[in-house]
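Got some structures for you, see below.
One chain, subunit A, appears in both complexes that follow, with subunit B as partner in the first and subunit C in the second.
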Partner chain A sequence: MRDSHKNDRANARTREKGLWVMKTSTKALLGAAGLSLVATMASAATLDDVKARGVLKCAVNTGLAGFAAPNDKGEYTGFDVDYCRAVAAAIFNDPNKVEYTPTTAKDRFEVLANGTVDLLARNTTWTLSRDTTLKLNFAGINYFDGQGFMINAKKIPGVNSALQLSGAAVCVQTGTTTELNLADFFKANNLQYNPVVFEKLEEVNAAYDSGRCDVYTTDQSGLYSIRLTLTSPDDHVVLPEIISKEPLGPAVRHGDDQWLDIVRWTMNALVIAEELGITQANVEEMKASTNPEIRRVLGQEANSKFGADLGLSEDWVVNIIKAVGNYGEVFERNIGSGSPLKIARGLNALWTKGGLQYAPPIR
Partner chain B sequence: MSVADVVFVRQSMEQPAAPPSSQRGLVHWARTNLFATPTDSLLTLVGIVAIIYFLPGLLDWLFFSAQWTGTDRSYCATVAQGGMQPDGWSGACWAFVRAKFPQFMFNTYPEDERWRVMLAGALLVVLLIPFLIPRAPYKTLNALLLFVALPIVGYVLLVGGWFGLRYVPTREWGGFMVTIILSYVGIVVSLPLGVILALGRRSQLPVVKMLCVIFIEMVRGVPLITVLFMATKMLPLFMPNGMKIDDFLCVLIGVSLFASAYMAEVIRGGLQAMPKGQYEGADSLGLTYWQKIRLIILPQALKLVIPGIVNTFIGLFKDTSLVYIVNMFDLLGAIRRNFTDPNWMTPQTPMTGLVFAGFVFWIFCFGMSRYSIYMERRLDTGHKR
Partner chain C sequence: MASVNAIDSDRGDRVSLIYNPVARAIFFQAVVFVGLLALIVWIVRNTVDNLERAGRNISFGFLNERAGFDIGQSLVPYSSDSTYIDALIVGLLNTLLIAFVGIITATIVGFLIGVGRLSRNWLIRKFCTVYVEVFRNIPPLLVIFFWYLGVLAILPQPRESLHLPFGMLLSNRGLAVPKPVWGEGAWLAGAALLLAIAMCVFVARRARARQMATGQRFPVFWTCIALLVGLPLLALVVMGFPVSFDVPVLGAFQTSGGMAIGPEFLALYLSLSLYTASFIAEIVRAGIRGVGKGQTEASFALGLRPGATTRLVVLPQAMRIIVPPLTSQYLNLTKNSSLAIAVGYPDLVSVGGTILNKSGNSIQIVAIWMVVYLSISLATSLFMNWFNTRVALVER
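For the complex of A and B:
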């Protein structure tokens, strides 16, 4: 799903180095020639750049069901896309002022690093090396994912745990951390398996659907979308085991704390709105609420300056919720019960409902 | 023997008898075409069995069981898959192609500006058809309009920013229009450039020759994917900061140069196939180099390599799909991109989309191929062996 390539990470690292060397040498050359250079490398004040440009540049997936995919009109829609829209709404009070850059697993970090985009919202797993080596700042976790297994119950009946999968043929996309996690899991449990690897996701799907493998492994969110493309989905069972942590979230570049704050608090505002029962439909009425917390969040208190401190208007949360709804609405519309994917909230339920979604307070 | 002894003199020619039944009609046709030898008979039988085996299922999937209308995945999914078709159903989901057709053509080109693309496309068709018909008049004017005026008008129309037309960045382009633009520019640039490179490679001037050889061999030595990747990802690194060449322009240049290198080798084949006497004859007439090339050599050489030239065109047309590597969406890219729309995800959707893409590509490539055969026949001057 998030196709977090470990190889990619290494590649990106070498690429970055190469890029730096080339840039430096080019600069030196041109400098020596007495040419003046116009700096377009994203300056520290991303917010000012975005405001001056009048549009937010957002990197999304080239196509991932429920997270970023074109609708019948060709517009991008999805869970990740709504985060871009939410940030645009917070800044411009217009969720449509977003310019999407479709990115693959390979070039997503590069476009953020070289300033092509302001925000990376592309089902990206938060890891230490991405924080340090790739110089990303993750604004938080908007989707708790994890690698799971789906089995073809017709081919291997009676299996109800991944520990019974000894000797199974496992379909997996090559070059992903999924492939590495799979190897780790089977080695740690002293089980044999037979990997059937493919380069492209569609190839894995086709192979699994045609019965070439007994087991399909990828992130659980991916397993749900793959079930939509199976000939007889009822023959397939998702096993309970989760063998890896895949916390997905939007990321920005190092070096601009104000921008990081804006993205982070846009995320938090979505969750807080759900906690407080503020929805797309009732946000205008909620402005008249007597609940001090709701009034504070919606910027209705007399000397409110939370918005101004972020560099936004005071009704920034109102604008976000009007544009995309609260976290629960974003979830249900794109990947939950309101979508064909029908992913259960699970770990992504609010902390008050047994999940992990928890936002620090706005005060 | 007197004349009177002759009882009968034929006044008219006898009508020739009809050929024996074994030499005419369906039976004869089948004998000569299908069952001429034991091997032929065997192949025919295998073919018939294959048709009987595959054709009904194929037709059924493509037409009879296909779902033609619908607004979302439920029309193309079985009950078990969360749709309304009976279990075990399998058929093409043409509803998907219908719903997404505008995107397949234009991808994310703004909806209310698409008339501009259609206008440019219509201009291309209107100018191209008379150009391809040998008898149509005003060939020079037609060529000027097609190869000089159309690119300018097309650029103004598609990019916009002038005459009150809204600016549409190339980032928003996609679909079949990108396939056509890339092929059109590739073809229009690669033929003349290929001729120049081919002549350069056969030139007596060492510097010209070396430059052409280096260019051709460099470009032919790397895959198109690499060229595209270099053009969009590496080239900007060598530019001073702030200079940003449009990605689409980079791709256009990359594709054109790539096709030119191949074209050059095809045309060089034609130049080398010309008998030396043609060159010497031209020289002995006192023609200058360019006169010789223009009047004697090229008309004959190009005619010889029509199949090769069209082959390169067809290859170029299909290679445009490789722009997916730099996150651009041609026809195939736009179709594949829509496979991820959860509202249309069914087991039938990808198959249908790919069949549609294959059909469109086939129509165009087959058209080019037939036209090249027609041109070959028309220009044939009896040198065939």
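For the complex of A and C:
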């Protein structure tokens, strides 16, 4: 068993940036030992543990602007952080009852597996091997990401598609799936390019900023975030093409269906609220709505027992929306038009508006 | 133990084996040998066991899989459809390239600086001292960063490339130089060059023999220059200049045409050459200082000028002091070329690292690295040892 864990963990890390297998193998060994311990620990009902503890433990990024980063008061804010706050609001009716654990790409699965945290909300791509061999359950997709390209529009004006990049020098981090997607994309489109590869993310940033390359490629959300750290962010534009699928979402451990349901339906409630036009500002008025769907979602129907079946109170959706707003509000505040990142909704628009955000109904 | 007992039984006229230095030496060597063997067996078995348990085998079959990634600089045709082994060959050739041109440049610069440190001219002497002290006392990685981030990165964008003589373009994408395109009949120039080299060797030998016999000298140097330049030129004229130059031009993103030398290569090449040159300079200085002062004085007394004294008397004797440590510096330069990874120059270590990361075959890749560097180093050593026997003092 331990050996299969070790092997599988290595596979599951294929998306980790610039990791040397030799380094990981020792870590994987420790991880394997950790995982075999976890199997016994994680069986307990997480909801009961969280309620007894009085606080939700949530793993977030150490610092990715817009997604999870401490603000000037030292409080964590961001898109992923709001999912932690939403779950806490659903349980405690208090979004501040969260204890954050900053994690790197390497140790994020470890802290979830060994029970240090209850929930992993850290721009993590949903893949098969993470689902099966790392024994994670992804609650859904809260951000549809994909690999994209960024260029300096001032230095190379007139380029508005990656297909115009023939002959360009492209900065990329070595040993990542990004590097391979890049080769595939340029080959498939019969374009020439000159790869400039570095081992560390900081080196790639520095090389691109100094003008060594015309193009920077990584996950699109990462490009928006990195753009903020460049010398003159306004000169750089992210091209519309997305050349790979990187669906990001919060994850929990295997073995606790009730807990998975709570996280999943918290996510769904955010999207449903946006569909129905329920916002942080109007949620109290909406409770008096005559629309049966809105009444049902907000727990205003007589003998409603959706919340109780989840193990929550009947006004759980009201608490969530009061705490963080609906999906659109969370998006715009942290990474959209209301933030320095200015990411367009794109794929993350509601399905009714040409995007992919779609939630099963509460009924 | 049995043998010790056997000896104990007939301790009559002979000393016990315990006090016999030969027997003791053999015993301890045997113990160390068995211990070492046991250690090696243990390590190998442990490795094999652990790999088996981890479900990994150590075959090299993965080298024939599709690489899937591109490499920025390659001396041979390579694409993402090539195999891992092709990628490793590209990396190896890049390593050899940087080692080869680096060693040549470092040797030339090192000799100039080393001789310069002994110059009578105050300015030259002090300049060379400062050069040596600066480069010798900075880690090579920092020198590489200095060239890459401090010098080459702040050059203008490709569109505003600096126009250098002979159609060369310099930008932060590197140096683009015209590429000669050999046309029909250009082979004759190459043949002429080979012929010129052969004639040079011949002339040098004849001149030497004549000087030994008659004392008369012959201007070998100038004759050779004339041969080396004149013959190929003559061949070109006869064939009607079948050479054209592919001159680099400013393209949409970077220069197109010509030959592009990337800033990663330039940074690594300049840093390693200049860094190693400072050590070579000290070796050269030590070699020259190691030749007795009486040799110079004797040479002057015979009427040789200072230039001829250095060339004919001092340097040949200095070479036998210089060459052995010079070999170490060449090996150092070759091995330091693995710092390429810091600036993204695709050398053997950098390319191997990518493959290691992608395929997970760490043991095989590390083994390949070690074998290749060992082979390069041993080959360099062999050549330098051969050269050393040539310059060693021949006693008559």
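Basically, the second predicted complex is superposed on the first by the 278 of 363 C-alpha atoms of A that agree within 3 Å, B and C clash if a C-alpha of one lies under 4 Å from a C-alpha of the other, contacts with A are read in each partner's own complex, and residues count from 1 in each chain.
By our rule, a contact is a pair of C-beta atoms (placed from the backbone, for glycine too) under 8 Å apart; a residue touches a chain by one contact, two chains touch by 3 or more.
Note that the coordinates shown come from a computational prediction; the quantities given were computed from them, not determined experimentally.
In the superposed model, A:Ala308 lies in contact with neither subunit B nor subunit C.
After overlaying the two complexes on the shared chain, residue contacts for A:Leu163 are found with neither subunit B nor subunit C.
Of the two partner chains, neither subunit B nor subunit C is touched by A:Leu356. By the document's definition of touching, neither partner reaches A:Ala344: not subunit B, not subunit C.
Look at A:Gly66: by the touch rule set out above, it reaches subunit B but stays clear of subunit C. In the superposition on chain A, contact of A:Ala288 is made with neither subunit B nor subunit C.
For the contact definition in use here, the residues of subunit A common to its subunit B contact set and its subunit C contact set are 19, 22. Contact residues on subunit A toward subunit C in their complex (touch as defined above): 3-4, 6-7, 10, 18-22, 25, 155-156, 165-169, 174-175, 179-180, 182-184, 186-187, 193-199, 203, 206-207, 210-212, 214.
The residues of subunit A lying in touch with subunit B in their complex are 19, 22-23, 26-27, 30, 35, 37-41, 62-66, 69-75, 99, 101-104, 107, 202, 209, 225, 228-234, 335, 339-341.
The touching residues of subunit B, counted against subunit A in their complex, run 72-73, 77-78, 80-82, 87, 99-100, 102-103, 106-108, 111, 171, 233, 237-242, 244, 327, 336-343, 345-347, 349-350. Remark: subunit C residues 53-56, 68-72, 79-81, 149, 153-154, 157, 159, 172-173, 251-254, 256, 263-264, 341-342, 344, 346, 350, 353-354, 356-358, 360, 362, 366 touch subunit A in the complex.
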